[in-house]
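Just so it is clear, A, B, C and D label the chains in written order, and each chain counts residues from 1 on its own.
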């Protein structure tokens, strides 16, 4: 009987994503049919003809997912305690430009320099997040406003640094401006060797070595949240600020700590690209990951595994944008689909959560079996 | 004979997995005060909500003045002359009294809300029933009694002929209760019908014209208050005896556990709410704090827990000055806390029970494991609490929200006791809890006291205060105005002290 | 069916049938500006050279520029063109991976033996419209509005200022940028801000304002119209592309991305492998000014004089502002 | 969290007097700084006019946020709804003129609101998630629609609609700010306070678009609607305590739907305004104003007057930086003067710490003003954002958001 029940529970847990995927692909099919390209739907699943193309596709999706995962984690840490850090965007921009500039001029040997870059990025992100944190606890300024404003400030400041003091003096003519390129021993090795070791063909694209760090960070954050006292205090504050306060959690200190943590994690977002692809910060450095991170965090319901899945989903959808264009489908359709998917996933989640909660209460009322806390959150 | 004002026939209401009401029959005559009693979870509120159109019955009929009605929403019930004062007040704090009262049936002048007309009408009701309303005050500034009068005004404003009160007296002091009952009598005199729910059986016997007992979702009897005693009524409800606060055999020692001197506290708006308070609690002693809600007892407790800073004065705990310690450090030093509002302060409602076991005890054994939380230990200890305190829940993984109020409260008591605190601050430990659970909690408090725990008890239940306390203080406008001996005190005397209208000197220990 | 896949000829201009892959800057085709100009080059190549072409756009955040180029190369497109300096690094990378493919990058300074940088002497064209503005101003006061402040747009500013000062050394020039570079194109999409900035310039006495601000330029024209003053367009002949503003557009600085793209494709088609910097300057009419509406007919002779001096090297136009 | 609320019923007359006094005082300080620094743009009618143009879309978005949040629905999707507003306005405007643009843009925004209501009210989705999804959806949708509908139209393309042939009408105050333009004359005299006042008045009355007038009216109108009518009371009750509202027969779900749709419509109207300024739809022309609007609403403590103040402040700083980078430097002096005033006030109130900090900051700004004669352009861009942050951190924050804001509501479920 117990196993039958847990089976049902698993069923419920899987129901949400399943329903969501069905709904969103139905919607996508409708959109595609509307522009007379219904045949293009397969492009979502078609990773390529040759194994090598397939590996390429997967690596493309993964490379996109890694920074999104980090962004989602950074946002979620704040969310878990009820802090809305919209400023992840600005935090990673400042972190990347400073880390890139500093990493290019330090004389440290490779691995140490990589470590330094990571530390500088995290410290910068945390410092940039410290502003709204301090304003909130000392002056009661809503972090929603201050982080929105600081994002704009970060754009201007980063532009100033890039065009001025951090600009590579030996740039060739042309419009693009970079910081100095990192010394080659500070480039993070890719993981293509690993793929080959698994018997896969070597992809043309480099799988970001930062994947390893992202996984470690994810595990660390999951551990921090679920096993440590700090994590408990954080989650308790998010679930009920009043109860947490009564339990002796110092709300102001927690606000500052969590903002700093969120900012430090945000500092990592630009590094996969910096250390694995561009090796310099420039005007063309990917922007907007902080905002997408909000969607990813919420899609993953602020849990580390959920965020990983959400980031992968975004990665795979984004990857499809190019094959779809070859089919004559404009990239805007992919964006539309992303929006639809986010909406249908969360709606399905919500419906299923309610079903589960109702069941939990029913079972409790019957007083028969155990119900876990998974339905919460 | 005229048709009854309200008649419920064979009402059944099912929630997923629960039959909250089953074949309930209730007849309420016009112009009577009709009480409904029953255990926690017996289905009283559900029945009243059904009558008020908040949910539809699965089976059965509702008759108003002999005619069958079907309510689709409270609006229908209101139109049929039924009004309800809910167990948890249904007021918007940030709106004015006037706005709360007229909401949903506003007088209009063209497009706009006719404030003048509304004010006139409210003042009329206010003077007619002696409700003393201030239409332009914000509800958040009001005390509990005021809020209840706003609720009553809401109902009267809508021209209700039948009024439902769900546990109206749970949070009132005797004087306020008396006033409420005077109001009820006034309503009755005007020909209105009153249905009310209460756990306080003596009260019920005092004011009701008829009493219906509900057990496990169904009506078991309707009795005449003149013909039953409280004890008989309780037996009808639960089949067990009505508990009384335990008798006293002093366990007070000489060791002072808590020494509060000249404590002054300002609230978050900067008003002095605790004013130069001095008292001591010895090991093995229960110190009761009595006071009308809003006289500073909540802030006093918060200051003792470190939730509000002390403006001046000192708090010495076991010889150490803890005046400026943060909450966590106080808890670590051995202060336990049963907060007043269990939903907002005591529990993480959407978290598992075992996580709630951790709450407030993150840094204490057996939960603490370096910087980590020992989940296994937390689970095991949750199971122990469930066993020892008779918390009826499926297991440590059940969500706190899924427990009934009484079980939630027993769990909180068990949790706070498990750290073996040297001082326990218990605020309204049995509020809204049914008679069985109440007895269990009293039992626990008494046992802890016998083992040498110092206890500060804040309660609105005067029987409880008098029955449990070794020493009783009365707090009025932030000051301790009397120190009383519970051994010789009646609730009425205590009530008089609390409202500040006692003859000076009388009853002072 | 014209022959097999393997190198069969059959295009209108003879030679090999080639497949051109073009990746737009964020904004993509239909931006009425830079990207559309590149698209026009492709259209011309399709018509006149009989080439096959595909046009792709990156995601809004531009994160997949490199993937676009790679996919094009992988699918056998050759040449592959990236439009906009943001492609610099990506073209460099992908060109390394596909040495057999010829790449072009518009406005870039990309390295690589199979990369052609199609660059323009915007400062030279801007010099001439600056001179025109100085010749036509009645108040001795003109203005410049840039979209986002970066190296590329500063070239426009530099040339404009130098040209104006060449005519009137004491001329007053107001300069305003709408956003810092890296604002995801916000500065090129804010006609309202351009309008307000232009209003300020006109109110303080300027009577001609030049813009290098993409779609924000519409706001400048609007302001000019309302104030009864003049404006100078950019990239394309804006008196033609925005006919309702033709009466306030003094002239436009032309930047012939279409020509550059077309010529590049043509060269590839002819079997050449253009590499390094393909500079489109006044000498080859890669930049210039428009005369639609005849508002500068009276000073054309003077402008031609300057043009000759620049072409001959007598005047060196700086590509960054002096101050 | 625990702040006292300020309002009850109609504000007493003395308070509006205090407001007026404060406004005049502020203008006097501005005027003083203008005279000392010689930066006429600080108080020119052009600057105030620009401030108005920049403030209106922010205020409209903020007003949209106000309606939604007063009914208990957090609306971070304002940006997306504004984008929808711009597109639909562009689409209708070039075909049928400005009035059609007004209607279509408003309806477009309302459509976004409807979607948000569907997700949050009917399905109980987290409000922020739904808003973020709308912010993703709207740009994709509008891009797609442009590709389909604008490409091929003369002057239209994937990123813009054809330019309107007809402009939205504008009005000026006769005699005072047009024709003889008495205010303009007064402004040019440069007399202390008088010229500045003239600048302010002329900026607010010279060549003002009808939509600006509409937006300016919509602020008091919204206040009236929300605080003086039964509809408003019901709407606000849904944001404060939906259970109470429900128990009194207020149709909570319907009210929330209505509020969120109005919210979207107002955000859409903000979009229409932008389209009118540029005389056509341009992709991305909202440039984050929805977020700024949200910030302005929070800045204004969920009240129309406050959000108007927040928008005006932002608009003024933005207008100033657009018109004159040099005048931005003078803001340093302004900050110094105001901070000195704040410090004085703090000392007078007995707050030594606040006073010392304020005085220190005042001196720092004054020194900065003396040594800096030009601010790098990159810094000038974010003047309005920094100004907003500075004002927020100096003004004591007693924010009170609607008690049930952001909480999903289902009948019978206790919070």
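Definition applied: contacts are C-beta pairs under 8 Å (C-beta built on N, C-alpha and C of every residue); 3 or more make two chains touch, one makes a residue touch a chain.
Just so you know, these numbers come straight off a predicted model, no measurement behind them.
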Checklist line | Chain pair with more C-beta contacts, A-C versus B-D | finding: A-C
Check: Which chain has its C-alpha centre farthest away from the C-alpha centre of chain A?
Finding: B
Margin query: Counting only Cα atoms for the centres, state how far chain A is from chain B in Å.
Written below: 46
Margin query: Suppose each chain is reduced to the average of its Cα coordinates; what separation in Å results between chain C and chain D?
Written below: 36
Check: Residues of chain D touching 2+ other chains?
Finding: 139, 147, 288, 378, 381
Notebook entry, point to check: In chain C, which residues are in touch with two or more of the other chains?
Noted result: 28, 60, 149, 179-180, 183-184
Notebook entry, point to check: Name the touching chain pairs, would you?
Noted result: A-B, A-C, A-D, B-D, C-D
Note to self: Applying the document's contact rule, which stretches of chain A touch chain B when the two form their complex?
What the structure shows: 227-233, 235-236, 239-240, 242-250, 358-373, 375-377
Item checked: Complex contacts: residues of chain A adjacent to chain D -> 35, 84, 86, 135, 139-142, 144-146, 148-150, 152-153, 155-157, 159-160, 163-164, 291, 294-295, 298-299, 330, 332-340, 342-343, 346-347, 350-351, 354
Checklist line | Footprint of chain C on chain D - complex, ascending | finding: 41, 44, 46, 49-50, 53-54, 139, 146-147, 150-151, 155, 157-160, 163, 165, 207, 274, 277-280, 282-285, 287-288, 319, 322-325, 377-378, 381
Checklist line | Of all residues in chain C, those that touch chain A in their complex | finding: 28, 54, 56-68, 70-71, 74-75, 85-90, 93, 97, 107-111, 117, 119, 149-152, 179-184, 277, 319
Next item on the list: Under the touch definition given earlier, write down the residues of chain D that touch chain A in their complex.
Entry: 119, 123-126, 128-130, 132-141, 143-144, 147-148, 288, 291-292, 294-295, 298-299, 376, 378-379, 381-382, 385-386, 388-389, 392-393, 396-399
